[in-house]
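Chain naming follows the written order as A, B, C, D, E and F, and within any one chain the residues start at number 1.
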């Protein structure tokens, strides 16, 4: 317990988290500090390329264990299932229309890559080992939630408007999924020889890129939050309690299937995280009537900071308690 | 120097549907157009600002010089489109050189 | 297909005052607008070119479709504004679909 | 509020020749203009899309508010230019404040 | 003396300075070499993040000394005071209107972050120690000059136009100040543990970023200089003699207060440097009638190259002579 | 032979090549993965700055050998001569109009910097030494081909339109030539002292930048290829056989003049490579009637991938066979 608290404090004093808080503060007080849009996109590319590649090299070293299939199964189940739960809760506690509730639910079924990065950094510092192949599980969890949401919303505009192709491409060929899986395969194929060329880039340079990206995320989250008009108390409560529920659900499934503690912790973090890149873009095509003021604000400006600062140490401690 | 009367179409739509609208233009017989980026905007569906992490909400302005008939065909097609998607369209009078290009 | 006559406003101002001018629009009752970036320009206050390190001199083009009355209100407000700040404004005739949007 | 009738020129050319066309404007007596970027387009010389690695094919839209005589001079000069280079030009009626600026 | 000359030559043959000269040459001969705008802004962010963070970590190691308060006092005095001197000189020797003279004066009271970076690199190579907290002094010196200039100009358009809020935000929440101070605090809080994650990024990667940024500064300075129409001989003389005067002023104050030689050298370099990012942006809001063709050309295209190539070794040698 | 095959396989399993293939696949299947334009340009700047600088430092270490003059002579001859051969072949086998054929020929006389980078990486892995000054030869070979093409096309629009100045600037002050030569001189002047500051940036960071750039090249090449309308079988055959012919020509000249095997291999790779940055930009000014759908598709989407994946190991093996 004391140890958990100490680790949580260590998490808080990491440059990455501190720069996120700096960005948040600067955004909240309307500083004109901004990261150019092209730069933010490029930083995201570097993050995905690096974590995919590192995961692939590690998977090449360790080989695929049976745990991979189990983790993939749990991940897919959660990505499909969480939106149904989230949709039910949202309809019950808020006055969101059906479409916006479905779109929001999709975000919580999918995952946040930066939360994954921060979470795995924290697990490493805490000395909790997990499989490099978990990167592939991240990619698997990105899109099923979108299908659940479409069913919940009773179909979308994309069909009527002949935009099915765009939607399919957005979902199946989504840039972040392709890059994550692709970089994973590159790492798998080029192995330690490849790593010898890339290790400075995906290691210490990556730390700097992460810090810059989190600074930007802080700015953006704060701006979104302070511009939010449609934020009600029930919605904010949802954005904090839903991740907790999802992580509990995930830990239960992991216990049931006998996953390793490290992989279970990663899955709990992924389950709790909400998408803010892949899913919103898909929603603009699939459900253009849904209100981005709701779903982006909740996932990006409430759930993401919560997970980053409090959630990650919490899910890790819970896993230790349950699996230890 | 000889000028011909043509119509100018200006259509603002969201980036993810840009290719779809470009397809409408091509089907309606538009022979040329130019797409401009935008940085911010406001409308019935709310405000947005590039850099504020509003993926999918960035707008594009499509600028096309066309004949009156082509303009009509495009607008008819767009009426349906705008029933579901945010955006606006406007048409105005212009004069162009090399009228046969349009 | 039914078109309505409206006015198009095109206002070019410097980036740092953009939000202020957007506030004018909102006050004057403009219901929607779009902001476009620009790369270079020239005027009474000299030439500028993005990339030449002219912080604060980049221009924005605000594009707004409005009714005649709203256009008048905006222009009246801008007359004061342009007494102090660089920039230009122009108004022209357009036709739009869904006239009730503007 | 007093408005004056002027002409609006919109000229689309490729980035590498932008400075040349800006020189035409200055020679023809244009006192101000603004250059906008673009992202994609289509015309007789084919389609292009920024990010698709089409160096030299990106287009610029030059926006200039001018008097009728200046517009004529610019268009006359451009007629020659467009015999060799891709691009389009259009002129339309606008009203501006501070007419003596143009 | 011989040693100073040798150090000055070493300064000249540094990749950073050579790339600046390369950029300057390419810009002067109108090469189409350009650094994309978003990239230039991102490089500036990385520079400020890195120097702020490094300063904070060093301050955490060494603790705050009494010298910090003295240095801050000298810095604030100079930032408020230099514009008054500069304004007087400009009105005397040139025909600049009141507003343009005041805006130009503001630039010379404020500071240039890249000059600071190049200066401290030079001091390190020369073996002159100084306090990590000097980064905080840089941030303190950025904005007071703007207030002086507003008073000298007799108020600006911002008040009339209801733009006071924008101006305040531009000044007090200016992105570079916020990032510099924020990164300093991050470094202070995360200390050596944080440094262990960031050291490659803020060290060797930083060198590359600095080189790219200086290449761009060279391009931009040369383009500005060759396009300058309003440059008269008295103005050019001002842009070279004013930094000399400011550094002498700064050294005098430092001697008076008994600052350490290293800190005095840093202050002399800061006093001599002129702003070309924060102040011009503020001037577009506060004094839109002032001519950027004057103030940007002088600070960016004359003073900055002068300081980079000649000024820094000069101020260092002068400090050594006075304090040695 | 076995060894060559093994090296070719090593080449294929390099992260750089694998990321290129990943980009190509993502582009072919129309994934929305994209590298922002500003980022792509910045990556290109970093590549040129790094290889120029490294070449300069190596040249400072080794001194200029007589081989440099010979290599420069071969390079210039090829850049002038290859377009004439290419133009003849194109007119013979295809129905391209005179202007488009001339513009296409110019691309094959000039060189591709990324092919050079990948080629020299491959030579390093294969243990083949070559002169650092070959970077200067790359710069020399960039532009003569443009002049040949203008003569072949019978002059262009640039003369008629008063655009000679723009053309001259595009050719003589072309950003990539200036940066390459400039960075080479910086490396030459700052030598090992400069390298000690830059080595992480131009070494391991460079590897990451190269990988990102090749990912983007893959995306772009595939998009171009799948959008190509004007691609006929003879043109595709040209884009594959022309590099082979050029490399044979280059190897012949190198043998004749008695170049070192390493320098001969570099020249063969350069001869085979086709430009897709400097030359297309020049052609938009000089020969605006030429069809970029032909020249860019051939050089970028056919010749570049061919050289990257198959050509480089092939030319290296051929050099070894001839010179061994």
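The rule is simple: contacts are C-beta pairs under 8 Å (C-beta built on N, C-alpha and C of every residue); 3 or more make two chains touch, one makes a residue touch a chain.
No experiment lies behind these values; they were computed from the predicted model shown.
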item	value
Each chain counted as touching chain D and chain F at once	none
Given chain A and chain D, the chains that contact each of them	B, F
Interface residue overlap between copies chain E and chain F, same or different (over half shared)	different
Turn needed to bring chain A onto chain E - CA fit, degrees, nearest 5	120
Most distant chain from chain D by Cα centroid	A
Most widely separated chain from chain F, with each centre as the mean of CA atoms	C
Chain centre separation in whole Å, for chain E relative to chain C (CA means)	35
Chain C-chain F separation of Cα centroids, rounded to whole Å	46
Whole-Å gap separating chain A and chain C, where each centre is the average of the chain's CA atoms	39
Mean-CA-position distance for chain D and chain B (Å)	18
Contacts with two or more other chains, residues of chain B listed in rising order	36-37, 92-93
Residues within chain F bordering two or more other chains	34-39, 170, 200, 205
Pairwise chain contacts, counting only pairs that touch as defined	A-B, A-E, A-F, B-C, B-D, C-D, C-E, D-F, E-F
Touch list for chain C against partner chain D, complex	10, 12, 36-44, 59, 61, 72, 75-76, 78-79, 82, 88-93
Residue ranges of chain D in contact with chain C within the complex	1, 3, 6, 8, 18, 22, 26, 31-37, 60, 63, 65, 92-98, 101
Interface residues, chain A side, partner chain E - complex	10, 13-15, 18-19, 22, 25-26, 29-39, 200, 203-205, 207-208, 211-212, 215
Touching residues (chain side chain E, partner chain C) in the complex	34-37, 40, 157, 160-163, 166, 170, 220, 223-224, 227, 276-277, 280-285, 288-289, 291-293, 296, 300
Chain D residues within the chain F interface of the complex	14, 16-17, 19-20, 46-47, 50-57, 80-81, 84-86
